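We call the chains A, B, C and D, going by the order they appear; numbering starts again at 1 in every chain.
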């Protein structure tokens, strides 16, 4: 479809739903903007839009939210305080391809998971709540778009060795980061993940790095969804 | 479509998405169950299903969650402690027709909004978190399915009088509840809301009741969405 | 001691502790005010103060806070959602005699204990967080100053009957409340507790009332400290 | 007094307070243990105890709790997210000399202060909730026992330069840490604080370090109480 017919169809549909005209136009505009964003240029003179995008994105957001929330509820009731890094633990889950475009399209835990005495305490699940893990999973999706979930745990050489016997493991070395990457705000994690993926030619289950001046070393566990990541974590601990 | 073709189509689609067969079958089964639930019996020998239901419900859940969360965030930063009833304040928002079938299809605040010193504190938004308000809004939807949101505030005769000058107001009297309703667990609220709606022949903006032995009197504000309910609340205070 | 010598002694002591003069005077003034409040008039021309009051009150506040917090931590990990009234559950613990003078001298749970799904959620422990329970326990202390703790649970006739076999139980009837009490803001609970105590000539373990128009019926469990109240609750459920 | 007379005096006093014998003995035993811990050896054949210690410690715990809670409430309502380090912000306040003996005698924030979206979120105040900051302030107290409070903020060279114009500033370099210290679990912070204090011959307002492999650089603000630390922080931002 072209944008014109989609737009008018959307307005009609929203009027039929009982919205007043002003409201119907407003919603339809938002809808058509989303559709255009995910449309594909085909032919000439036409800009076919994707009228399903709006519905699909909202649906996927709910699924991502619900699956991640379930996994985090399970996680914080496990005995995990010893696995929480100094900087806290997080768990990120991206919208599926092609909707995962920026860190705003990745759900994670606001305020991370932190130690509170002998318990773990988690904040709310929201989209855009993570920078590091969100960037890590978005980079992994560039190589394998089925890999949409990741969590981080405290670095521990014993865990890395155990992981090597059970999983595909790769790593990156922050000290080898090229100066032009280091100079760019927020470029380290994508560079590191890419380096680790290219090292073995695929997205591994585990990527770790051993830290740098001012940076805590870390282990990242990747998977297709939060449940799979959780299963890997349970095999590791 | 019949269920057979939908089922196989769903499996194919999920395989194409990269799920393994077992997982694809499992997801497709859940999907087809949802579709059948909302299907419409037409003709003979066929049970046409609604293949959009699964996607639509997930999408609507996200919208309901997001709109309600935004409204509650605004609400608890307003000066509302004097409007919180002894039993706490809640805010409920139902999935649209025809998906709002039970209290599990209505989102509300887990643990309600309570006074904590001079501030208001709210729990998380989840589906199924309310019984009273969920039943109230489900009953209202039977009469006008555009009315999907409701909040409750502390009863105050001055507020009721103010409401009468600005809004359509109705009420019910718990002391007039028929004994056969009273005997039925959870039947009071639907009976009361229906009584109040029938009294004026439409779903009003405000329904109140003046309490009964053991029951706090209450004011309920209805609207099409949380934002509209919030606007009415602001006009009232 | 008279106030003069106590005041100067306090300043000297605070200077010795390393406070600057201005700060030492400020602290000493607060200290002496507390001491005078709890002083006893003896002889003529002198107003002996209680120089221990300030220290004692702070110490008792800590003990009350700590004991109540421990009890509430135990309580919310028990299976209690069915015992939470519509208005929420609270747990109050007063400073010992003679320091318990107003609701500000009684610690309780800010925002009470509420149902959040299948779990119970409690706010922070603070002094002044309760009105109803605080007034109830202050009234009980007038008759027996060892009784400093109280919690409320949902009214249930079966629980009342069970209580009668294990504990000393009394009650009051809100419908018998004299009109001059009813007219006075906040006078109902003290009147009710006094009525229940006088009925049996002592402070009972349990006081209940069966509600009134707009008021939920309730069961109150009294004891000397939170641990004792908790023990009674466990015998009752 | 010797322990015998103190013990019997304590039991008598607790019986007088209305405790039953068993309870009175139990409380008195706890009391006398505390008193002995803080007693001072004088003369021969006698071990004079400090009968005030128990009362004094409880009183000081309450004051520390209350002052720290007030400061943290102010802090999280300030615009501080840009000052929160990756590892979170904490605020520690020690019992006064001679009661501050271990990290259990230092109150801090359980789960620290973390970024949650655009807001800061703090856990509860408890004794023993911090290791790093608690050790830092305990070491500072060895040099100046009036300095009982400390908070940490994100390292930023501009802040350090600003601090140098307003405050007494010192630092330590984790790369200069002797290997025998590095080998000892938990010895780095005390070594660092001591190094920074000795460098300038007194406890400074600010101590910073620039990080190490795996360790985030950090700025610590010291003061006599939480209010003073907060005032310094406000002058710095």
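The rule is short, and it goes like this: contacts are C-beta pairs under 8 Å (C-beta built on N, C-alpha and C of every residue); 3 or more make two chains touch, one makes a residue touch a chain.
In this text, all values refer to a predicted model and were calculated from it rather than measured experimentally.
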{"item": "Co-neighbours of chain C and chain B - touch as defined", "value": "none"}
{"item": "Gap in Å, rounded to a whole number, between the CA centres of chain D and chain C", "value": "31"}
{"item": "Length of the line joining the C-alpha centres of chain B and chain D, rounded to whole Å", "value": "49"}
{"item": "Contacts with two or more other chains, residues of chain A listed in rising order", "value": "124"}
{"item": "Every chain pair in contact, whichever chains are involved", "value": "A-B, A-D, B-C, C-D"}
{"item": "Residue ranges of chain A in contact with chain B within the complex", "value": "17-18, 55-56, 58-63, 65, 96, 124, 145-146"}
{"item": "Partner chain A, residues of chain D touching it in the complex", "value": "86-88, 110-112, 114-117, 121, 123-124, 126, 129, 155, 210-217"}
